[in-house]
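The following blocks contain the structures, represented as structure tokens.
Common to both upcoming complexes is subunit A, partnered first by subunit B, then by subunit C.
So, the complex of A and B:
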């Protein structure tokens, strides 16, 4: 069940209050990828203030954000703008607004967490394999599938690739931690 | 001096040149690293984005291990790890109910008593003056652009380190060792961090801007203290050149590389020849 597209949901997910924002625009002025955004960070905040949650969550801009936290750091009213975009991404996925290209960010993060659940620590090769396969099944893009293939040998030559990653001893414990954190309905 | 050590996944993975550099450099300064037994991943951006409880529990398990083993301080040379550990520690400290809930989840009593620090803070503890006295080589040929990226100074309320708009800690250290750090504009701009795989176009654009600004201000190398910054600016430099028809030829050092060189260590002992961009 997707969560409600309401301001309450957004604020609860982000632990932030959008009414605190007085539209000074400092978040947008410092954002490193602002020229890629259809709605600038302060405009996203304004949409939320006006209750236009769906328009904010369906905005392409939220998928350009790199979570550098410059906006949050500089906000004179201490609004966690980066956290709000995090919440909007979560809602966008749940309501199916995100395109395949946009979904890649989330696919990567899901593959990452799944990897940690199984190994306790990141097994990089396995992550790349899983992310590439899932991405391919999602958008059927062959260039994307083989994009980084040439890096493999270069990493191997520099002894930067581990064919057998060092996993944690107590992997069952890691599984239990994941199970308990997911018990309250938050999806991995 | 002995200190707890949390390598994190990157330093045990493709950024093992960073671990080599940190270990060699700190050993030369007489700092012994005691690796945290059976540490687990901090969850990085993924846990933070997808499951808020996990984002506290994963770092908290590591804090609990450090407390159990009596570590007063824990070094995490990756700023993503150190920020996540510091954030969890702060949350547990402020909220008794959360502290009890998370302790039950991770099967260890976690109180948040172990201090977490980044690599620069270890150098500060050793003392810049002491490092300078131990140095055998002058770094006069280096004009580094010191690059802090996002997580060494952000969010300032969590990491409480240096000035989040105009940090100076790396410049001060390298100046002591004879280097001539340049003033430039992009020291706290983002390189795209963990987006390397999922959103490469953004990473290449941000990297191109950072490298261009460093060169325009007369830098002959970049200095970082983050494995992700190194991947995006060193490993991806060829891809940046291709995308933007640029000719960046900027060596990217870890901070411990330059300190190690000043201490008289060989480049190979610091893993420098294993970078993608190397000095001709």
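So, the complex of A and C:
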């Protein structure tokens, strides 16, 4: 059951108050990937202030955010901008606003988390396999399937790709961390 | 037998709309002790007041209850009317049937019943009222002005010119304050020192002004009209009377490495120095922490150079006592500390702006010194790191101000104008330079102010960007300013040679201590509280203490001067009478019952309770009791509530009266 697209929902998900923002723009000024955003962080906040949740949640910029939290840290009004973008991503997934390109981002993030959940640390080959397969099933694009193949040797040479997955010993603990994170994310 | 008159007001429709005034008057007439009950459409009008006066005389009333608005509105009016009819004004009470009844209730019958109850309570009280006489206190016609900035100078001169003696206390070696260090002032761009220094000289030469520099208020005792103030004069190590201010000493002084306070650390000064050439008094002072003779026992070159024999290394701090009638606090402001070193090599506050780490990131007051002809660069704009003329300068607004997370929530009010002025001064000196301003809003309310900002943009070509700067880094000797222009919706990176931070205005250090000494309240930021934000803007809740200038809140020079003259006028008004009259509704100790526990003394917020000694005829001490100083007591009643032996009571609000009021509702 998707949550409704109201400002209250966004604020509740993010534990932040949108009206506190006075549009100084320090979030946009400090954002390291702002050049890639179609809407600047402060513009997203403004859309939320105007109640245009759908436009904000459908913005491509929310998928560019790397959650470095610089905006939240430097905000003079202590508005959790990164948290709000997180909430927008959640709503975007639930309502299916994401474009095909963004859907891949979501797929990657899901595959990544899934991988961590199972292994406790990243098993690169497993991640590549899962991400590429699910991506292919989603859009049936052959070029996308082989797009990053040439990176493989380079990654191997730099020891960024491990052929045998290394798992953490206490995987139950990882399970408990995931359980707790998800419990916190749920509505009280 | 009481003869009380009840006067119920319609207040046009204000009361009559929700309260049946006629019925109230009829019911009030039946209350015990009420002789007559009348109504009028506007009781505060002349005919209304005449009705009260005539009825008091005709019915020989010995108590009056006015049922109308809040006593804050018209108690004085009605008490004066009673006085004109030869009735003691303190036999008049008010029942607030407007703010506390008709305005807040909608059901007419119940509002009417409540109005009757309010009158019943007031009648019960007035039956126990005593005739009171106003308290008279003598006035010492002498004023203490604390702070010798432009506000303090203005207040001191206004008062001194009217013939009243003034004691001006300044912490620094010279008067002049922040304004003396400014280059030019907005919105006229007239030279700050050129307009201020004549006033400073006037202070020094005025026969009615006693000037204490390097001095602070140590202690304040007494009460309105009769303060006794102790001033600590720090050792100056100079005989001010002998010294001619020739300058031989500071030209010869070998200790030249102390950062100049007047130049905000941009320049250096000697250990014996005058802060700036036009200093008043034009006498040097020795910095006891920098002087080689005072720290290490060596040197003494100044003694050899001084032909007037004015150096006094054995000088000591001195305490001066003054009898004062009124105090004006004009302690001014300081800048918000932008980058605070936390002692572990890190900088908190605006760490991301690099103030204190990058020499070319400076505050707006430092920029004033860079532009000033008397500054460390002689008026040429050269950046501190390498002395190069900066070709791109970024000015950042709201550093500390309007920043809840790091600094202060309020707007410092002057920075928008300061920034506009700085861009102009910069452009006038560096013609091929480019000024950028990052701002959130432009607040240029004031005569010719907005025009001034537009001139900076339209004529002097300053680039204004709406947005905040997030971070400043240093690369190859340039400052990389990362900001945003939210109007264009684009991030913006500027490589600048100099960055000027318009830091917030904060009250001067130590203002809390002073406020506690003179019993004036201050807000969470340390700004002193006025008595009423609109109608009593220079008075404080401590009788006889006034505020003006930036110690009261962020303000610019014209406003500070206006407020200083207003404070001076209020002081002169107070001094226009030989004696002061105060409301007699104050606490009173029944000394025969007082056990001398002094719980009242410890709790009194006005320090109005003193211990008194009761002695027998032989002069032997019998016991100690509490005694209220009528000059200081504000009648708050805290002592009454705390007194275990029930020996303190409030005149005009006695326990007997309060119990009678409660009893009347049974």
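Keep in mind that, in the parts below, the second predicted complex is superposed on the first by the 157 of 188 C-alpha atoms of A that agree within 3 Å, B and C clash if a C-alpha of one lies under 4 Å from a C-alpha of the other, contacts with A are read in each partner's own complex, and residues count from 1 in each chain.
One rule holds for everything that comes next: a contact is a pair of C-beta atoms (placed from the backbone, for glycine too) under 8 Å apart; a residue touches a chain by one contact, two chains touch by 3 or more.
Since the structure is predicted, the reported quantities are computational estimates derived from the model, not experimental observations.
Of the two partner chains, both subunit B and subunit C are touched by A:70. Of the two partner chains, neither subunit B nor subunit C is touched by A:59.
When both complexes are overlaid on chain A, the residue A:120 reaches subunit B alone and has no touch with subunit C. The larger set of touched subunit A residues comes from B, when the choice is between subunit B and subunit C.
When the two structures are aligned on the shared chain, A:9 is found in touch with neither subunit B nor subunit C. With both structures placed on the common chain, the touch criterion links A:130 to neither subunit B nor subunit C. Put simply, subunit A uses residues 70 to touch subunit B in one complex and subunit C in the other. Every residue of subunit A that touches subunit B in the complex is listed here, in rising order: 32-33, 36, 63-64, 66-70, 72-73, 86, 89-90, 104-110, 112-113, 116, 120-122, 124, 128, 131, 147-148, 151, 154-155, 158-162, 165-166, 168-170, 173-174, 176-178, 180-182, 184, 186-188. Residues of subunit C that touch subunit A in their complex: 352, 398, 402-407, 440, 466-471, 482-486, 489-492. Within the complex formed with subunit A, the residues of subunit B that make contact are 9-10, 12-17, 38-41, 43-54, 57-58, 61, 104-107, 150, 154-156, 164, 188-190, 192-193, 195, 197-200, 202, 205-206, 235, 274-276. Against subunit C, the residues of subunit A that register as touching in their complex are 22-31, 34-35, 40, 42-43, 70, 74-78.
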